[in-house]
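Step one of this worksheet: look at the structure below.
So that you can tell them apart, the chains are marked A, B, C and D in the order they are listed, and the count of residues begins at 1 in each.
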Amino acid sequence: MSSKIKVAVVGASGYSGRELLRLLLLHPNAQLVGVTSRAAAGKPLTTEFPRFRGVAAADALTFITPDIDKIVATGAEVAILALPHGVAHEFASALLEAGLRVIDLSADFRLRDASVYAEYYGHEHPSPELLDEAVYALPEIKGDVIKGSRLIACPGCYPTSVLVPLVPLLRAALLTEEAISVSSMSGVSGAGRKESVPFLFCECNESVRSYSVPKHRHISEIGQELDLAAGRKVRFSFVTHLIPVNQGICTTIFTSLRAGVSLADVERVYAEAYAHRPFVRLLGRNNSPDTKNVTGTNFIDVGWSLDERAGSLILMSTEDNLVKGAAGQAVQNLNIICGFEETAGLMVL
Amino acid sequence: MSSKIKVAVVGASGYSGRELLRLLLLHPNAQLVGVTSRAAAGKPLTTEFPRFRGVAAADALTFITPDIDKIVATGAEVAILALPHGVAHEFASALLEAGLRVIDLSADFRLRDASVYAEYYGHEHPSPELLDEAVYALPEIKGDVIKGSRLIACPGCYPTSVLVPLVPLLRAALLTEEAISVSSMSGVSGAGRKESVPFLFCECNESVRSYSVPKHRHISEIGQELDLAAGRKVRFSFVTHLIPVNQGICTTIFTSLRAGVSLADVERVYAEAYAHRPFVRLLGRNNSPDTKNVTGTNFIDVGWSLDERAGSLILMSTEDNLVKGAAGQAVQNLNIICGFEETAGLMVL
Amino acid sequence: MSSKIKVAVVGASGYSGRELLRLLLLHPNAQLVGVTSRAAAGKPLTTEFPRFRGVAAADALTFITPDIDKIVATGAEVAILALPHGVAHEFASALLEAGLRVIDLSADFRLRDASVYAEYYGHEHPSPELLDEAVYALPEIKGDVIKGSRLIACPGCYPTSVLVPLVPLLRAALLTEEAISVSSMSGVSGAGRKESVPFLFCECNESVRSYSVPKHRHISEIGQELDLAAGRKVRFSFVTHLIPVNQGICTTIFTSLRAGVSLADVERVYAEAYAHRPFVRLLGRNNSPDTKNVTGTNFIDVGWSLDERAGSLILMSTEDNLVKGAAGQAVQNLNIICGFEETAGLMVL
Amino acid sequence: MSSKIKVAVVGASGYSGRELLRLLLLHPNAQLVGVTSRAAAGKPLTTEFPRFRGVAAADALTFITPDIDKIVATGAEVAILALPHGVAHEFASALLEAGLRVIDLSADFRLRDASVYAEYYGHEHPSPELLDEAVYALPEIKGDVIKGSRLIACPGCYPTSVLVPLVPLLRAALLTEEAISVSSMSGVSGAGRKESVPFLFCECNESVRSYSVPKHRHISEIGQELDLAAGRKVRFSFVTHLIPVNQGICTTIFTSLRAGVSLADVERVYAEAYAHRPFVRLLGRNNSPDTKNVTGTNFIDVGWSLDERAGSLILMSTEDNLVKGAAGQAVQNLNIICGFEETAGLMVL
């Protein structure tokens, strides 16, 4: 392919930004034309990320300040935003206006209801006029709707790990209406790359702890999408835990099957939904996924088990929070909106 | 106290054994008179555990083979067994006959019903005649019944973390009969100190995974004790996860309050049950416990939270699987049966 | 002993401070009467360090601001300073004046020559008049000189691990004058408990790196003490590495024996120097020490090996940087100046 | 390229084997036609390594037993051996005879002198007749000699990290004849993927220790190549340390410059030797390499520093022990002998 799509990464010095660079530097159909960082502006990319040194595309790049004009001047056709929520929307708005397509990793465009945003993020939604246009872009459950969009809201890391196992079962009405319990464990990169005592090595190493109980922000988007899939209000609890690994989310879900529904029904629904989705790996009955099999990749592994004694269905998933939960999903969406192979640049091990 | 109780540790070269040594070597009322290890017999204790070198009581000890006669010959009045299930019962039986009191860390005497043992452990119970005599010795919920016993079955590591938060609430009938969901995470020492590929450093580091789904062995004793507390059959699911830390269990429990019961009721019941129990630390509403605050200690930390949106009560606990979940609990029971201060030798940080 | 020495810890919210609390809360001859923290003033000790909750002495303490008057008002007879260099000297000076004895963990009083301090710490020494009075208090090599002192400078963590193996050999003139090479590896707690990107979990986990090459600050005190021991200028290089563990230093030293000196001579000198020192454990020929055997303890383990092929003597030591390298050494010095058993409160495992 | 070279990996279930698979499954010019494993024979590749599931080339492969006939029957043109030393030579010999080219990761063909092999590996060399033919294939220092060879001995992981920094300086005669001191730190994967207590998670985590002091086996090949580069016997000591990371070697070397040689000379020599070598990254003066920047890649990062105070030159390198130290180097050699781009399939991040 002689011409590649020109891409800018806005907010490239965090962990999601770093993963975007890792994937885009070697992407066969994309050319990284701009990388921004307020703190590192003017520095070579490889000063901040020495890991990329020696890769020609990386050696050629220097961070620029995150100014709209400068981003537009790079010639980028698509901007991927790896910015904090509450900051991303401004860039999205201006870049759309400048004619770029925007793939946003923040929470700013995930919720359809601005009042839910206000409840969970603590301030009014700053650009509610864009919410209608934005697509909640989880490719495995949203399908073709993503293709034509120019404002892509990538799902959160935890929600991806919860929605992939649950949505097909809710759509097929296999589950009872009892409250669903979700226990998720995430690596520390989920907390971002910023100065902070609680995320120092010595505070996280040899430590396991739950946090943000009972109202983690990701509940808002999980709820939105579960309700949509079920066509009713879905009751669920969601508890997150911080685990001493760099990358990886492991999610365990406790739910229950409606009378007359068997595990074979679950397996049939999963096969229909995911057998041809390249990044969902169905592990089969009583097989536990392991984060170490997905870190660095865009795969999400899903296992399941019927606890007949308790009458519970247990769903288990693992993914890399920075890849399928962030940067990889963004590149997958880039591939979709640009008409590339969905797996382009993402079959990395 | 001029005379100390004489204690032998049978099976002292594993991780629970090591923790027993750590606690007993410095215990003000106990004297370690014998340590057994089939593999290390004849070797100084400090060859196997160089950490203890320089501690006079440790420098004086040499491993002996685990023969009943040799154990009896040490003059031990109490034997603490840190042996695999299916092996412990033989020693227990013979040592009781020889007049020693026995504190057992294995699963051999935890279940009152031999058929449940057979179901979960895969072979007939080898000494069913001892089951009536054995006490399921979780001091915080069993109280005085432990005191007079000569055969102490210490609860499993996971069950301790599940029962301490749940039992008082079930006894007080605060919970609905909906299925309870339990998600537990354990450090790797729970797998024991034996040759094995799945527990190599490189297999566990940077990995989070569930295992033994849906029927972990500890379900048997958790079920026994929950039923007993509730006075009915309690439905629950239990999923365990392996986490890359050496020691520590973090348990998160999803349950629900009966109509009319408030979080204040939960707190009143907890206060009544545990305010004067030296090793239960009640963290208060919406406070998450962290394994790093309990590792190496005999404390179990308990937090709780009401998820009003979902109608769920979330209970959270952390403990050290090798201490409160094994060796520390054994020493606590030693203190109880010997009439020492319950905290003797256990206020370590 | 009915009366205990009253101790204040100034700067108690860092990692060395935390270890001081851990040791002093359970010390048989010391009473912790004051703990200061600028950031946590007014908060209960157990809010900052939930690990200590449930220990009566800890539950009773609240952080105070680090004001001289407030510290004096606690009735403390000894103040232990766990403050940054450049800050400690002011407190030391004022507290000495108020009649307290001072044990300082910072670098402020370790160097006898104020110009060396200026060279390595980048500013003039602020209280040069106190340098003569201060004692470089490494008990294993300084012996009785510590006893009568009222201003104790505790050695740095790395220097302790380098000096214990080297000083007796230099004193006995067993080594050649070739440059000594020292390679040290430290856990991340050595970097302190402060907001910082380079010491975030994800920056240190799965990472090994040297740092501060070629001129680490600790070279100044190592050089001072090596020269003193040898009675000549000792040439040495010192490279430090950051390793993903919480606590522990492992030091490997390459040197060479003078003609006619044998490994037996080394062993005789070590035995004379350390056989009766309770915290030095001599592991013997070709035995490598392991940080996991010393973490949490005040022990320093020393092994050695002769590489006949290369003509090199290899010395190896491990210690806990926060204990023998900081808080434990401070308590050991407290014991010495107060006339307690040298091991009082320090035989922890 | 329509036709790819057909490659078999013999001994594919260990860690080096796994990395070979990772690289070869996505290699643009190679086709993986056979993978052997005694233990996993008959099982799909993805059963042993679930990480590779979903990659078409992996889903198609099943382990075969390591029989010469079966390997030949795969049609492989090149065999890469990831077998233990003492086992590899038999396969090498038979496969060469069958007309394959052989790239060996073991120590069997690294030493030119069979008596040195016997000294360091504890048994006579089993195929001394092949030693003349074998090439010690460190591409950065051996250059064109590799190209025409049919028996490639890949250097050990540690030796690669030592030789890349030292060989050019020895060749240029910049260093004195004083003993060189080498301190290396390796991740645990270096110990292999086999049942073992010392490499269990809990034995390695929170532990740093030296091992195999003073005579690590890799001394034999390091010595061979240093002597060759210097044209004289080079004296050096080599101490290895085990560090709790999965992958990565960090090596720190203490040596000294001959009178009149400056750091600029060192830099000129490095630039001449490595400026055009795609996998050596020269970090510049006083810059420390970090294993986290090379893990998973085939890069080796080199930094240096002059310690004028001690008169020492400090060289520092990092690499991934399984990639540049094993599988990556093998693929690099595959590229060289097949006439592919040297970086083909190796520009992974």
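Here, a residue touches a chain if its C-beta (ideal position, glycine included) is under 8 Å from a C-beta of that chain, and two chains touch if they have at least 3 such contacts.
Please read these numbers as outputs of a predicted model, since none were measured by experiment.
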Identity of the chain that, by mean CA position, is farthest from chain C: A
A-D against A-B, pair bridged by the larger set of C-beta contacts: A-B
Cα-centroid distance, chain A relative to chain D, in whole angstrom: 36
Distance between chain centroids, defined by C-alpha means - chain A, chain C (Å): 46
Whole-Å gap between the CA centroids of chain A and chain B: 39
Multi-partner residues of chain B (each touching 2 or more other chains): 187, 203, 205-206, 244-246, 290, 292
In the complex, chain B residues that touch chain D: 15, 187-189, 193-197, 199-206, 244-246
Chain B residues touching chain A - in the complex, by the definition given at the top: 178-179, 181, 183, 185, 187, 203, 205-211, 213-215, 219, 235-237, 239, 241, 243-248, 250, 252, 254, 256, 286, 288-292, 295, 303, 305-312, 314, 316, 318
Residues of chain C defined as touching chain B within the complex: 22, 25-26, 50-55, 206, 278-279, 281, 283, 290, 292-294, 296-297, 299, 301, 347-349
